[in-house]
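Look at the two complexes coming up: chain A is in both, with chain B in one and chain C in the other.
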Partner chain A sequence: MSGFVGDSLVLGSRAMTRSSRNPGSIAGAIVFPLLFFGLFQVVMGRIMDAQGFDYWQLLPSTIVVQAMLFTGMSSAYYVADDKLTGITGRLRSLPINRAAPMMGRAIGDLARALVSMTVVLIAGLLGGMRFERGIGGFLGFVGIALLFAIAVSLGMGLIGYVAKSAVGATSIASIPYLPLLMLSSGFAPVENFPGWMQPVVSRQPVTATIDALRALSGEGDLAGPVIRSILWSVGLAIVFGVLSARAMGRTT
Partner chain B sequence: MVVTMTAPDQPVSGEPTAVEIVDLHKRFGDVHALAGVSFEIGQGEILGLLGPNGAGKTTIVNILATLMQPDQGQATVAGYDVVNQADQVRESIALTGQFAAVDEVLTGFENLVLFARLRGASRRQAQDRATDLLERFSLTEAGDRPVGGYSGGMRRRLDLAASLVAPAPVVCLDEPTTGLDPRSRAELWSEIRRLKTDGRTVVLTTQYLEEADQLADRIIVIDRGRVVAEGTPEELKARSGSQACVLTLVDLEQQEAAIDALTDLGEAVVDDELGTLTLADCGADRLTEIMKRLDEADIRVAEVALRRPTLDEVFLELTGSAPEEAE
Partner chain C sequence: MTTIPLVRHYLLFAGRSTRRLIRSPDTLIATVGFPVILLLSLLAVFSTAVEAFGDGPYIQRLVPGLLVSGLMFGSSGVAVGLMTDLNAGFMDRVRSMPVAPSSPLAGAAMSEILRALIGVAALVAVGIPFGFRFSGGVGAAVVFVLIAALGAFSFSWIGLWFATRASSFETLGPPLSALFLVLLFFSQGMVPLDGYPGWAQPLVRVNPASAFVRALTDLANGDAAGRSVGIAILWSVILVAVFAPLAARSFKDAARR
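For the complex of A and B:
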């Protein structure tokens, strides 16, 4: 593990510098989630409230997961860019920890995810969202969201390793985003989907994570959704991480 | 089962060679990129690896830089085995690849600090080193600008500087001047020469005979994954034919007369497209004789040029076949 922490932090600070100089990345982390939040609240808020849901309490969890997916998407671009410009090869030729490049990128992604989540939660709290379980629930909320962000970052990074161009990587990365988000419990209850879709919608990782965040910020069954979300995030992170490490090992 | 008696942190050999390659093989699918390459590089030597696209030069560099593993054979850098002692090899080698692999978003200074810190320097040491290197590579003024706005030559200089942030004894330069204009190329050449005075060993791959000629102490010519020739630049040039003399006549009608006048000086080849006459194997010493004869025959010459052998011609001499084009 020699140098793992130091090398990861140096590469993490590089990733953060890169995102801080990219106006699109800042807009993606701050403006886009707020826009999403506002639009859904305006369009759906009254309908959902009329049906007996507290939409201000439920929607922030969805927007946080949306923000984690969205901020992670730029990983695909950054990884493809490093691969094509030869920086990945140069990093591999250096006497640094083998996992540090991936960890450095994850630090950059987590920084963006944190910014995004902070903005969304402030907006949510202003609108009436409450953390019913107190500080423990809040910390759990942040932890589950960041764990999911790591899985997303590694998955999007994998797309970057296999893509032929940085633009191509971005396009591919945007494909899973909308179906995963819309076909979840995020905007409408699972029971509202067609019967044959419900088993998929109720079990997919985005639903698991949104349900866990709602349970942590609200009331009701906690263990089930939290365990499902952790299993999904850790499982996906391992699979994507191993595949990324193998893809990176072939990059010259 | 191979039993290694050497401790993993000890060099495999105690020889004063900086790089040693023995019977290296590498396949990519059906392509035999390296088909048994062996050579040594002495400490402080600049070795030119000369060959066309697809000859296997980059594969050798990638194996030395631990980016690839050979299918067969052995390679050591500073005495360390590239497969079993990869960490020590990475401490001993600096790589400048075919693309200027620097971060376009960061400034020149930030790039050098980044790579120095990844080489283990403290923040302070890294900043000092970066400042020194920017100065040395005439990039001080551009140092606080993002690399995205640099010219091709500036990028390559920064790329080379990024390889020098640590005192790695062996520096691999993979086609460092491909695509550069002549002035930037000359600037980079003088930096590469300085590496030798630093006491570093340099592995330089190039497609240009002139570049190898200018910089290398010794040249190894590679074609289709094999070493086809080895020697000093002088030795190779002597083996591969010397300069040719290219004449352009004012009046194309006089070509026949010119060929007759020069007949015993060698066979003249006519290029109809360019309207030139080429006398092979003809150095500067023969120019006076040629001009004298043409003058006597009252043939007016528009242009005379001495042309060094091209890489294609060296290949033709060395391998008996023209170099293959890369896919």
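For the complex of A and C:
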């Protein structure tokens, strides 16, 4: 474990500095989540309210999950950039802890995720969203969202290892993002989907996490959605984490 | 410079942009794949709610809406292409050759038309099994395609202007995407006008993307389309009249950098 903490912090602060200086990351972490929030709220709010689907209360959970997906897409960009510019190979030749580069990346990803979530929740609270379960529910909300962010970043990061350019990594990462987010409980209730699609929509990981965030901020059954989300996020994080460690080991 | 060589130069550059389009899988995915995935997703997510709100079949609104979305986001693709050329020094090379200085821009805008036609074909082909219909007959369908092509040409000048002004890809893509997202969401391509809050409705009415969505929707539905088609054509003239000179002027500076 020698140097694990120190090395991770050094690489983590590098990741944060880099994000804060990259217009693309700032747009992905702050501007686009707010933009999507505002657009869906204005354009779909009235129509969904008419369906009894309270958008001000329910949409922030969706946008937080969308922001976590953006965090993962940025991660794919940085992994590809580091690999292609030779940083990943260089770090491997340095006398630093072997796990530190991965931890450094995780620190950068979590920092972006926290900034995004803060911005979205402030907008949501201003619009009328409420945390009905108080501080406990709020902390659970943050925890579930960050756990999901870790799983997504590890998964999308894998794309970074195979992409031929950093911009290409972002466009490949946007392919799973769109159907996962749209075909979830995020924008309309599952019963609104065509019947044959409902089993898929109700069982996929993005739906599990959005439902957990809504349960933590609102009312109703809590244990079921939260457990489903944790199982998905932890399971995906383990699978993607093992694959990432391998991909990293092969990068020269 | 007489007119004949000018047209020839434009076509030459349009041919180059077209070959680049056909040979680049990324652009084709963005032209065909992305709008089709978005069409199917939005249809699955929102058709129940929008139809319950009292609108007709959602597919008749979504196909025109996503066509307009596709031709706006295609403009981002053209912008990236121009920026790539500027960074690679290709434009310096062009400046040293005996071609009209406006050729690279005009050629890029013209090649957008082909990309838009591919987009029309894809969205209509996917829309038909989900109930999309041309109720206005062959004439209206032909005008539908022409309006889409005109829109692609006109919107591409916004992207070209951005590309000549931006300093890097990172300051080019996000602002353009943000602009087109706002235009798309406020365009009646997703929900009917009375679905918007009262304060937003005037904005939706004056949005140029709305003008194209309305014209295409009227043509597809077989409604009286004279007025909405006229307004879309008027918007095309305005977009080109404003953004083509802006793009041409800053292009001269950008190519000289």
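One rule holds in what follows: the second predicted complex is superposed on the first by the 252 of 252 C-alpha atoms of A that agree within 3 Å, B and C clash if a C-alpha of one lies under 4 Å from a C-alpha of the other, contacts with A are read in each partner's own complex, and residues count from 1 in each chain.
Convention: contacts are C-beta pairs under 8 Å (C-beta built on N, C-alpha and C of every residue); 3 or more make two chains touch, one makes a residue touch a chain.
Note that the structure is predicted; figures quoted are calculated from it, not measured.
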{"item": "A:188 touches, of chain B and chain C: first, second, both or neither?", "value": "second"}
{"item": "First (chain B), second (chain C), both or neither touched by A:22", "value": "both"}
{"item": "Touched partner set for A:167, first chain B, second chain C, both or neither", "value": "second"}
{"item": "Partner chain(s) touched by A:31 [first = chain B, second = chain C, both, neither]", "value": "second"}
{"item": "Touching partner for A:14 - first (chain B), second (chain C), both, neither", "value": "first"}
{"item": "Which of chain B and chain C A:44 touches, first, second, both or neither", "value": "second"}
{"item": "Superposed model, chain A: greater residue contact from chain B or chain C", "value": "C"}
{"item": "Doubly contacted residues of chain A, that is, touched by chain B and again by chain C", "value": "22"}
{"item": "Residues of chain A defined as touching chain B within the complex", "value": "3, 7, 10-11, 14, 17-18, 21-22, 85-87, 89-96, 251-252"}
{"item": "Sites on chain A touched by chain C in the complex", "value": "22-24, 27, 31-32, 35-36, 39-40, 42-48, 50-51, 53, 167-168, 171, 175, 178-179, 182-183, 187-188, 192-194, 197"}
{"item": "Interfacial residue positions of chain B with respect to chain A in the complex", "value": "58, 62, 65-68, 87, 90-91, 93-95, 97-106, 110, 114-115, 117-120, 146, 162"}
{"item": "Chain C residues touching chain A - in the complex, by the definition given at the top", "value": "26, 29-30, 33-34, 37-38, 41-42, 44-46, 48-50, 52-53, 169-171, 173-174, 177-178, 181-182, 185-186, 190-191, 195-197, 200"}
